[in-house]
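A, B, C and D are the chain letters, set down in written order, and residue numbers restart from 1 in every chain.
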Amino acid sequence: MTLQLRRDRPLLAPYVTGGIRPDWTDYLHEYARNGADAIEIGLPFSDPILDGPTIQEASDAALRRGVTVRGLLDEIAAVDVGVPLIAMTYYNLVVHRGAAEFCRDLAAAGIRGLIVPDLPVDESDPLASAAVAAGIELILLAAPTTPADRLAAIARASRGFVYAVSTMGTTGSTFAASGCRLAADLRQLTDQPVLLAFGIATHLDAVTAARSADGVVIGAALMRRVLDGGTPAELGAVLAGFRKALDEDGPDCVP
Amino acid sequence: MTEIALPRPAASVMSDPGAVGRFGEYGGRYVPESLIPACAALEEAFRDAWADPRFRRDLDRLLAVHAGRPTALTPAWRLSAELGVNVLLKREDLAHTGSHKINNVLGQALLARRMGKTRLLAETGAGQHGVATATAGALLGLDVTVFMGEVDIERQALNVFRMKMLGAEVIPVTSGTRTLKDSTSEALRQWVTCVDEAHYCLGSVMGPHPYPWMVRELQRVVGDEARQQCAAEISTGTPDYVVACVGGGSNAAGTFAGFVDTPARLVGVEAEGGAAAAFGQVGVLHGFSSYLLQDENGQVSEAHSIAAGLDYPGIGPEHAHLKDSGRARYVTVRDEEVVPAVHRLARTEGILPALESAHAIAWVIRAAESGELPPWSTVLVTLSGRGDKDMATLMAAS
Amino acid sequence: MTEIALPRPAASVMSDPGAVGRFGEYGGRYVPESLIPACAALEEAFRDAWADPRFRRDLDRLLAVHAGRPTALTPAWRLSAELGVNVLLKREDLAHTGSHKINNVLGQALLARRMGKTRLLAETGAGQHGVATATAGALLGLDVTVFMGEVDIERQALNVFRMKMLGAEVIPVTSGTRTLKDSTSEALRQWVTCVDEAHYCLGSVMGPHPYPWMVRELQRVVGDEARQQCAAEISTGTPDYVVACVGGGSNAAGTFAGFVDTPARLVGVEAEGGAAAAFGQVGVLHGFSSYLLQDENGQVSEAHSIAAGLDYPGIGPEHAHLKDSGRARYVTVRDEEVVPAVHRLARTEGILPALESAHAIAWVIRAAESGELPPWSTVLVTLSGRGDKDMATLMAAS
Amino acid sequence: MTLQLRRDRPLLAPYVTGGIRPDWTDYLHEYARNGADAIEIGLPFSDPILDGPTIQEASDAALRRGVTVRGLLDEIAAVDVGVPLIAMTYYNLVVHRGAAEFCRDLAAAGIRGLIVPDLPVDESDPLASAAVAAGIELILLAAPTTPADRLAAIARASRGFVYAVSTMGTTGSTFAASGCRLAADLRQLTDQPVLLAFGIATHLDAVTAARSADGVVIGAALMRRVLDGGTPAELGAVLAGFRKALDEDGPDCVP
C-alpha cells in the first residue's frame, strides 16, 4: 500500500481541511468521484505558519468544532474513496504524538503519505525513518528560492512525489510563474512526480502549472468555496471542471 | 537551599550551537523550505559580522551613544535590608526605549544593513519589541513593519502610537488568538513574501536557527556588563544567584551568558500562566523545538499573564537545554505576587519595574522570605524594563 | 549669524551668588519671615555639603548606580545630515525617571537626610519633578508630599499614579489657576507649617536663595559630562552652540554651567506662551526676582504651552542675568513648531523627546534651515526628557 | 500724617480685602465705627503665598471683579474713616509700579503704612527708603522661628508697629500660643507697638494675644464672614464684639 500515483494524465490533488464540517468525508468521495488522483487532508493545527487566511480560517473552524487528530483518523479509517489519501499537518502534532506512533496511526487509518510544511529536509531524518517503518511516504517541499544543491537533496529524499511550492507566499497566494521553472528544475532531478501547489485557483493556473509539472494541488481555492457553504456535491462539480481543463490542456505557460 | 542542585560544569552550555543550531536536543530550524535560504544567509552573515571587529565596534558604539550602555548596576539597599539578602539590579529599564529589547534590535538592524536589506519586519505583543524595532529602523534608515495582534493593539494603544511616530507601519493580526503567538506566525508568513529585501527582526531567543543563538549573543552585553560590574561591587566577585524573568527568554539568556562559567546559580522566572519550562512539553513552534504549552491534542495553548511580554506559550530552546542540563533552574510566579512586587520595589528603591521584570523580583522576595536564599547571599536580578508601559494595567489592578 | 553677539568674558557669570543670592540684580530671597531661617539653614547645609568630598562622592555614586549617569552623548547622524549642521544630543531622557529632574532631586534628598529632615515637599506641574521627588524619597526613606494643581492632576493622571505607587502623597491644589504656579505657592505655604522636619525640594533654578544656585550646581553634572564628552567627540573640543529648553531653567542652567567659560554660544529656548525672558518684565514671585510674565497691573499671567513643564510664567534669576549680560541668548518657539520637531527627531534618530526638549530641537531646525547656524557648525542640544509622558497630548494633536 | 497708633487700650486692627464687593469701603466705615484702631486693606495679588484659603478666595474674587491697585487707591482716597489705613500686598505689585511711585501712590490715597509679607528685612532697604521718602511706614513681620539677632533687626527696622506672626502657617491658621512668646520677646526689643496676627478667630484668641502684645490683627476670621455674605453692618457688629472682649480683658494666656 505505498503511494503510487498514476502517470497517464496530469495529476489533480485537491485538498480539504479535516473536520471542517460534520460531513467532511463526503468531500473525499466527491473529489474521488470527480477526477482526483490523490487527496490531501489537512489535520488542523493551531498555528499554521505556511497557510494563508483561507486555510487558517478553515483550521480554526475545525478546531472550534473540537476535532482531534485521533478523531479524524478514526473517520478516515472508516471510509474508502479509492484514491490515495495524504495527510498534511504541522510538525508539532507529530512531535506531540511521537513520530513513530504518529506514522503508525496514519498508516492504520489508510493514509499513504504525509506533508509537513514546517519540516525542511535538514530536519526530516527522524520522521523519514518513522515513515519508512510505518510504510508511509514523507513528501518534502521545494520552494522557488531553494538553491540547486538543496533541490537535489529534496528531490532525492522526498517519497511518493515532490511538492513544489509555486510562489514565495502562503497557501492561497496568487499563482506565480516562478513555480513553472521550479517544477521544470525538479523534473530534471527526479523520476518521481512533481506536483505544483499554492495559489492554483483557476483552470488557467492549473493548466499552466501542469505544462511544467506532473500535476497540481488545489487547496485554498477549494476551501474558500467550502467555507462559503459549498456542499460536497458542489465541490465535486468544481473539481470536475479542473479535471476537464487539465485533460483537454490549454494555453502555454506564460512566463 | 536543599532544592538547588550544584551547578554542573559549563563547558557544553551557552556555546555556539553549530550549523544545526542545536542546544542539546532543542532548537533547529523548523521553517518552510521557502525560508531556509534566508535563515542560512542570515546565519552566514551573522557569523561573519560577529567575527568582524569593525561590526562589533560599530555595534558597541551604537549601544553606547544611542542606547545608553552600559546600564547601571544598582544595589537595592532598602530591599536588601528588608529581605536579608544582597539584591543587585541590572538596570535594563534605563536603556533607550525602556527595556533590553533595544540591544538585540540594534544588532539585527545593523546586520540587516550589512546584508543590504531595506526593511525590517517584527512581531510584537506588548509593543516593547515593536517600539525598539521602529527605533532602530528610524535610526538606521530602514522601513519597519510591525505585526501585532488585534487584541494587543487595543490593549497597548500608546505603544502603537509610539511605533507610528517612529515611522513604522503597524499591521493588525486578526487570526487565531490575535495576540503575540499569532503575530509571530504572521511575521513569518509575511517574511516569506519579501525575503529578498526584508530582514525579520525577531524579538527573543526563539525562532529558527540562527535566531536563538544570535539574539543571545546580542543580549549577552547585559550579562557581560553585569559580570564586570559585580566584580567591582561584590567582595566575592560573582553573585550567588543570577535571576531573570523568562518570556521567550532573551534577557535571561543574555544575563546567564555572562555568568554561565561562574559558580552562580542561574534562575529563570516564568509567569505561571505562560510557564513553558515548568509545565510545557517538548514541541515545535515558530521554527524551533523546545518546551511548549499545549493541550492534550498537541494544539498550542494560549498563555495568560498580567505581563504581556511573558504571554508566550514557548521558551527559547537554549533555556530548555539549560533546564535539562541542570545548569539553570526555572521557577514560576503568579500574577497575584507580581503586583505587590512592583509596589515593593517602587517603595523601597524608587524604581517602577515592568511587570515582566517584577516576576524576577517577586521570586527573590518569596525565596528570601521562605529562607530558600541563604542570609546575605548575593542576588543579581536583571530588571529587564521599566514599568511606565504598565501603569494602566496596574491602575486597573489596584 | 549677524544677530548673534560674540560671547562676553565669563568671569562674573555662573559663579557663587554669595550670601545675598544675587545674579546681577536678580535672585534674592523674597519669602515670608517664617521661611527665612529655613532658607538660611539650607544655604549653610548646602555650602557645607558641597564642600564635603564625602557628600560629593555619595551623590556621584547615587547618580551613577541609581540614576544611570553618565547619560549618553548621541550624535544625531541623520538629522545632522538633513540640516547640514552637526547636532549632538545630551541624553537626559535616558536618566532614571525619564528626565534631568532626578539629578537635582537626588542631591536635595541626600542633603535633606544630612540635615536630619524626614519629609520632602515638592510642587509639580506635568508630574516629572513630582515623580523624581517621589523616587528619591522612596530610595532614601523620606516621606514625600507633592502639591499638584487640580487641572494638572486631571491632565497627568498617569504621573499621579506613578507618584502614589512610589509611596508619595499627592495633594490637589485648588487655588488660582490650579496649575504649576499655584502648586508652587501652595508648597511654600505648607513648608511654613513644617520647616522643622520637612525639606522643600524645589524643582528648578527658581525660588528663594539658595535654590537657584543649588539647583544649578546639582544640574551642572549635565554640562560637565557633556563638556567632557564633547571633547572626545568634536575635533574642536567644544561645540559652537549649546542649546537647551527653558521652563524654570534648570536643564539649561546645568548645561550652560559646563560651557560658560568656553567660546560656545549659549541659547535658551522658551515656549512662546511662557517666554518670561523674551516677553516678561522684572518682578518677584515665589521668592526670587527675575523676568516674569505679568499683566499691565502687575498680576502674574498664566503661561500656556503644549509642554506642561514649560508652563511657568517666570524664569530662573540666573537666566535673567545671563540674558542681560549677553552671555546667553533666549529665543522662543511656538507650539506649532514643537510637534513636527518631535516627529522629525523620532523619524531621523529613533528618539521620542519630551515636548519640553522638543522646543530646543525645534529652534535648531529653524535656525539651521534659515541659515542662522553656519553650515556644519556643531550644536549641542540637551534632550531634557523622554516623550513617553506626552503621548496622549501628541495623540490629541495628530 | 505718620502712623501713630494710640497706646491707651489693646489695639484692634481688622482686615478687609480691597474690592471684595462693590461696597467694600463701607467695611472701613463700620470697622472704624466699631472700635478699630487701624485698618489693614489687602491689595489683591494673583499669588498670595502667605495667605490661607479664605484670603486667597477673597483675593481671587476681587481680581475676578477686575479690581486694580490704581482703582482701589482712588476709592480709598475718596473716603475718610478716621483711623489709620494700612495697605497689605505682595512685593511684585510694588516692583511692577516701582517702589518710589508705589509709596507715593499710597501716601496720596491717604494710606499710612505698608505690609509686604514676602519682603523680609534683608531685602527691604529699597522699599524702606521709598517709604520714608513718601512719608509712609514700612511695617515688617516677625515669625516664631525668627532668631534673636534677626528679631532685633526687625524690631529696629519696622516702622509704625511690628507685625508678629503668631504661628508657622498662613493667614487663617489656628492661633498658636507661640505667638505670645514672640510678642513678649519683641516688646523687649522695641517701644513700638507689637501686633499679633494670624489665626485670631475668637474673643479668647484676641484676649489671649492682647495679654502679650499691644494688640491684634484680625483677618481671615472677618473675611470668612464677608465671603459668606456678611454685610458691612454685620461685620461692624462682629468687630464691636472683639472690641468689647479686648477692653474687658479675659482669661490668661494658656501656653
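Observations on the model:
Keep this in mind: a residue touches a chain if its C-beta (ideal position, glycine included) is under 8 Å from a C-beta of that chain, and two chains touch if they have at least 3 such contacts.
Everything quoted here is computed from the prediction, not taken from an experiment.
Rounded to a whole number, the gap between the C-alpha centres of chain C and chain D is 37 angstrom.
Centroids built from CA atoms put chain C at 67 Å from chain A. Residue positions of chain B touching 2 or more other chains: there are none. Taken together, the touching pairs link the chains end to end in a line with two free ends. Looking at which chains touch one another, you get A-B, B-C, C-D.
Within the complex, the chain B residues that touch chain A are 20, 28-34, 36-38, 175-176, 181-182, 185, 188-189, 192-195, 281-287, 289, 292, 294, 297-300. For chain C in complex with chain B, the touching residues are 64-68, 71-75, 77-78, 91, 93-96, 98, 134-139, 141, 158, 161-162, 165-167, 342-343, 346-352, 388, 391-392, 394-395.
Contacts from chain D toward chain C in the complex involve residues 45-53, 56-57, 60, 63, 68-70, 90-93, 95-97, 117-123, 140-147, 150, 154, 165, 168-170, 173.
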